[in-house]
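Working notes for the structure below.
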Amino acid sequence: MKDIMTIVFRLTVSCLLAGLVMGTAFIFTSKAKKHNEHVNEQKVMFSLLGYTADQAKPASLALHEVYRYVVTDQQGLSVGYLVPMAGEDKAAYTFVAIGLDGAYLGSYPVALAQEEVSELGPRDQAIAAALGPEKTIRYADETIVVTNNGKRQAYLLPGEFPGFKTFIKVIMAVDQSFTVIGLEIMEHEEDPGLGGEIVQNYFKNQFKGKSFTALKKLGVAKVPLPDDYLKALDADKYGLTAADVAAVQELYQDKDIYALTGATISSRSVTNGVKGIVKKFAYRVSILDKVLAEQQIAVPF
Amino acid sequence: MSNGIRFNGLRTRRFYAWLQAIKVSYFKRLTVAASGFIQVYDMTSFLTFPQGGVHPPESKQMTSQLAIEEMGAPAELEIILGQHIGAPCTPTVALRDEVKEGDLIGEVVKGLGVPLHAPVAGKVKAFGASAHPMRVTAPSITIVTDLQAAPVRYTPGDWSGLSSEELLKKVHGAGVVGIGGAGFPSHVKLNPPADNPVDKLILNGAECEPYITADHRQMLEHSAEIVEGAKVILKILGIRDCHIGIEANKPDAIKVMSQAAAAASTPEFNIMVNPLKVKYPQGSEKQLIQSITGRKVPGFALPSAVGVVVHNVSTTKAIYDAVVLGKPLYEKIVTISGKGIKRPANLRVKVGTKLSDIVAHLGGVTPQLAKIIMGGPMMGFAVSSLDIPVTKTTSSVLFLAEDEIDANPHSQCIRCGWCLEACPMGLEPKEIAIHVEAGRPEDTGKFGVFECFECGCCAYVCPAKRPLVQFIRLAKMKAKR
Amino acid sequence: MATDKSNLQLVVNGILNENPIFRLVLSMCPAVGISTTVMNGFMLGVAVLFVQVFSSCTIAVFKNKIHPRIRIPTYTLTIATWVTVIDLVLAAYLPEAYAKMGIFIKLIVAFAIITMRLEMFACKESVNASFWDGIGMGLGFMVGMMAIGFIRELLGLGTILGYDILGFKPLLFFVLPFAGFFCVGLMMAFFNWIEIVYKRSKQRA
Amino acid sequence: MGLWKVSISPHVRSNESVEKIMWTVVACLVPPLVLSVFIFGIQTLIITAVSVASCVAAEVLSQKALGRRVTVKDGSAVITGMLLAFVIPPGVNYLLPVLGAVMAIYIGKHLLGGIGYNIFNPALLARAFLLATFPVAMTSAWLPPLSDMAIFSYLGTGIDAVSTATPLALLKEQGMAAVIEQFGAIPNIYTTFLLGWRPGCIGETSGLLIVLGGLYLLYRGYITWHIPASVLASIALLTWIFGGEAYLTGDPLLAILSGGALLGAFFMANDYVTCPTNKTAQLVYGVGVGALTVLIRLKGGYPEGICYAILLMNPVSAVLDNWFKPKRFAPVAGGAK
Amino acid sequence: MSNIKIIHRLLLSLVLVCVLPVLAQAQELIAGQSFGDDNEITVTFARPVDKAAVEEVGNYAVYEEPDPDIRLAVQSVSLADDGLTASVRFAEPLNTTQPHVVIINNIEPAGAAKFKVSKSYFGYLLSILISALLINNFVFTKYLGLCVFFGTSKRKDTAKGMGFTFTLVMVVSAIMSWFFYQYVLKPFDLNFLQIVIFIGLVSLTVQAVDTVLRKVNPALFNSFGVYLVLVIANCVIIAVPLILADNEYNFLETFMLSLGAGGGFLLALYLMSSVRERMEFANVPKTFKGVPIAFIVAGQFALAFLGFSGLSLF
């Protein structure tokens, strides 16, 4: 009996000690974790926009996240966008609800601190609180609007689509007329050496400069990549100047995507995925812009 | 027919066997001539056992047409005292005793066994040790032949009045053992345990081992005696049915025996001939019983467990000799064959004749001689000396040339599984061999190593030339419980 | 029953004689799973080193207080605690490396090597010896991982620590995950061979 | 009197031997090879020669290195070499089979104890290895068949420029219509494929010659019908059921003719060492190979699945051998005495 | 042996009980719906419907469930001759990984028919099972549990016992972990305690299985008991809860994952042990004897298991 008492006592103490250690570690690291979590993503985003280590981004550049939600209530489904508000007060957000047909349904100010906006849990709670109890929301996706000096410069579109094996996660940058500026593969599980080559410059850079009209009917060609194009796509490796690259890019602007050898399915999934993301976004952003303009909701972009 | 197209390297030879069968099997000739398909069908319609078996080249043509030839008594005989399974005989004669042909010279004092008789008239010269194929040396009696003595003449007597016990005593007294196989005392076989009623007698005329033609000639030349012997056995056992199983490659024997059987059959004794498919080991007791009756003798049980008694045709002839003629068993028909001997023959020799005498009688050996085997090539023993005397169970002595034997080195098992197909007992020789090779013979019990009767089919077919029988014997020795 | 080995001997013992990967054949999962580059091996090595050292020291400190009947649960709790700590730290400060190592950081908790050292060594020895033993074992693991990583990275990608050495990729095979099996197997055989040769030369001498 | 040999029975042996079996198989593989020269050009011969030479060299070196008797004469390395060459595309670099040979012979066979102890079919293991290591070459170096006997025309040309897709890859990616468009309408496509005039691995295309070779081996008794029949029947049946637009509309004949099914069924799946020995087990094994082949073809990541199907079933044969034992001749109750 | 059979039957019936309710769902007018070709949805009606209404493209509104604002362009609709099966064709290939919502207006007097087309949930569950069992086999493609894998795959009987014990412990502990994760860790934001909690639950399960087995079935305990201790310090077991927490699986999916992972481990162990029993007789080079050759063989297994990569059953 005494034995059991000692065991229980010592176990309790050790559990408490362990809890103490872990709790301390958690408290010390949680802030850094939050901070570092999106660092990589941000770096990718800026590099897509053309700002690398050598060429620092200008101070006037700003990123504005727009979160899209699907709202369900008695009337049925509608779509809602969480947009930041323009003005000095940085922590102001509005949830703009839009019907499936594009009609404005209402806007709800959301009380949310700026640090919390990128976290799913607090954001959902804040929106739910703003909308009232009879509406349920489901997070759909996010878009980042890039402004320079308050003027819209580009959109960053994170997205995912099914690849040959599992999902492929990408971030792409398009300009105001939805011409692709850049594409970066964030996560994938394609076969190494085959579909895994989608991360290579000579594949993903093919999307660069494709206009919206070209993109809409973009296909995949199962022919070998021409040599000059290959060099232009991987300009760093072959030491081409920007002008050379631009000249070659011009040449292939309206061409289909050249499939990776032996990985046509992966190439096609990426092409279709990119196509779908841009098309959907273009459709939605026009509706959102229209509504924002009609309702005179002041946004910083 | 699980083995229908198994060992196809031998297909050509099998085809010749078909032809042979077609040529002579008169009772099937009409159907056989009809079409090639029916030929195949016909072949397979011969009785056989379903599992395993091989068809080695028969090589019987060397002696099958040669009539049994008397070989006179040599100058000196060495009679091994233990010629049967059981306790060896104790001599009943003393040194320098004069013996007459057929005199008792040895008797079993205690245990299982049969008496031993003098094959010739002569004088006991020595009690010594003779070379023996299995046991290296074995105690024996040496008799110097009295070459002047006239051979004893035996006349048939009437046995119909004798009771089964009296008949049995005669069989025992004549020293009859199973001369086709291991030398099991015949009177024991003829007296099966009472709890297993026997209803069938099977005479084994399969003679499935290559080269050997002793039984074949016996059946051709002594068909009436064999049938009469069968009647004696049937009477002893008190049953009616007798099947004589003969492989289809001996059509003449089938014919002669059928006639003899038909002539001898009475309402009391129903004797019939069953042609068997040519397949080794057709003559093995268990396989023969399965071929003819479809009954399976359980492992480690005697045939009487399934109501069957099996005797070799030559043993039956010996029983005839013992009962009808009153002649003890001291002569043996031995096939001498192979490319290593000048003149192959089927010889009637006295028990105790040394191989060297036989070789001398047949004109010596040829230069190609590479291996001498007592018994058949599949289960016989290779011997290294010509001083070995013939025993009651010696059915052949083969003098094989280099091209008749196989001396290739063996390699690793390639898991072709041919041995599994060939094994008539459904064992896994490759597994046994692999275990023995890896030094784990004690684990081979689960593969049924003790059920193996070392017919040699597995080693015969093995393309890697692995000495599977050797491994199995090793396993049996090491894995003794 | 304190160990009679010096600190240095303890460390060397962990790296050579009782190398967790090649000699004790423990903790094989990461050795196969994520040893594709030297850097990966190094990172996981650091994590294991940390957990090993801290767990060993913790157990050595509290060795008299641990009731023998709840020995194993206590070890598990200790290891889990330190794994949690390193997991949190890596997730916070090195998110990229953390993402690469994926689930294996959390799985350090189930590494047999750590429990084994606690059971075999730390619960009997002084804090000092346990510390050095922990260092040795951790380094041994790290060295093993880096050695495998070295071969796989060099042959698979033609690089070492990300620097291009060969200028081309000789055999993609080696960076494929399952090549870890072949690499570890062949390396183990190599070390066995060295041992045999060493013993033979010793016998001759 | 001279000395006579003494040994344990049996004293006569069948005249079959490992060498004879192996070299007969090699002989059966020669006609498809010769035909492949006319289909894909002379480089198939070079690849095969390189492959055979490196397999033989690997065998000799491995056996020397491991201190074993060199048994290269038994022809098993030659078979591995030929089969390895037969399952790689005709347009690959000549270095590939050399690497494959090391994998097949040294790692796949001799490390595990030499002939008889390998668990996986060495040639297929090497193919899987090459497929993982050189995915692009192994999945795209297909050559369109020659039409004019110009067997030297592919020598030295850039393979990229002429490479094409195999019927199965086409079927998987673009459907039956694309296959018909490229190779011809239904009745003709069978004869074209049967004769081998289609893109594919070096040795797998000439279906007719493979079948003839297989039948000869069957006649000689070196293989039995169990594995080829069960593999081909299950591929045909399952393709018929699941392979079409709707159930029961698949084309079984095309499934057998368009990939490596024939080569696999006759020369790979029934490799003695890696298939079960029991006949029932062989049927189960064959059905397993067929089912996995169809599964990988229809749902998997590769257009052709028989290579992996056989590899996946190879270790299963060890299990099957344990499950299916030969029928004992009336064993005693209670096992061995 | 019979004990193993009992466990086997138990697991099987558990699967059936969990899966049957999913199968027993039914719709009213719409009797069935599924993805056909890559740009086709096939609809089966329960009763004959008006051909003109069905084939009117304008009556259709189809969208992917997460994107209700984006309508997919219907190209054509054709009703089969039996009047029950309609094939809806789209201008572009569908993303079949997403559920699609189809609304057919004016089809019935009552108004619109609305239904969801998705890959069958049963198929999804099965694919989790098959994936964990074969495609992402924990041993050969995820490289987990190797210590135990190499340690206990020498003999078939051991391997079988180990495999079944693993499966049992894995299923029980994964389900417990799931409850803990969903109802304690997540709501209270204690995710950082994952490791401690999960390993605690595993030990607890092992202890519970140990105690229960010892009382209920001593024979089974004698055959399994020795492995139970080994189970705790094994990454396969702890990996399952971690994976399910990462992927936010629901209960059924958790069950399927743990069952598949356990079954996959059993499969790997059984195959490997059969092979290794055969390998015992092989003349393996001295330096490779024991573990190194087991690694080489496991590598060859992994090479063969590549055949399953990219397999998508449902």
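A, B, C, D and E label the chains in the order they appear, each numbered from 1.
By our rule, a residue touches a chain if its C-beta (ideal position, glycine included) is under 8 Å from a C-beta of that chain, and two chains touch if they have at least 3 such contacts.
Bear in mind that the values here come from a model prediction, so they are computed numbers and not experimental data.
Chains touching both chain D and chain E: A, B, C.
The most central chain, judged by the distance from its Cα centroid to the centroid of all protein Cα atoms shown, is D.
Distance between Cα centroids is largest for the pairing of chain E with B. Interface comparison, B-E against C-E: more C-beta pairs in contact at C-E.
The distance from the centre of chain B to the centre of chain C, with each centre set as the mean of the Cα atoms, comes to 71 Å. Averaged C-alpha coordinates put the centre of chain A at 30 Å from the centre of chain E. Averaged C-alpha coordinates put the centre of chain A at 90 Å from the centre of chain B. Between the Cα centres of chain B and chain D there is a gap of 47 Å. In chain A, the positions touching at least two other chains are 18, 22, 25-26, 164-165, 191-193. In chain C, the positions touching at least two other chains are 73, 77, 80-81, 84, 88, 172, 176, 178, 182.
In chain E, 192-193, 196, 281, 283, 285, 288, 293, 296, 303, 305-306, 309-310 are the positions where the chain touches two or more neighbouring chains simultaneously.
Which chains touch which is summed up as A-C, A-D, A-E, B-D, B-E, C-D, C-E, D-E. On the chain D side of its complex with chain B, the touching residues are 1-18, 20-21, 71, 74, 113-117, 219-221, 272-273, 276-279, 325-332, 335-337. Within the complex, the chain B residues that touch chain E are 412, 434-435, 437-438.
Those residues of chain C that touch chain D in the shared complex are 171-173, 176, 178, 182. The part of chain D that touches chain C in the complex is made up of residues 99, 107, 129, 132-135.
Residues of chain B touching chain D in their complex: 2, 5-11, 51, 54, 56-57, 210, 286, 296-301, 369-373, 375, 377-384, 386, 398, 400, 404-408, 411-417, 420-421, 423-428, 430, 445-446, 448-451, 454, 456, 459-465, 467, 469-470, 473, 481.
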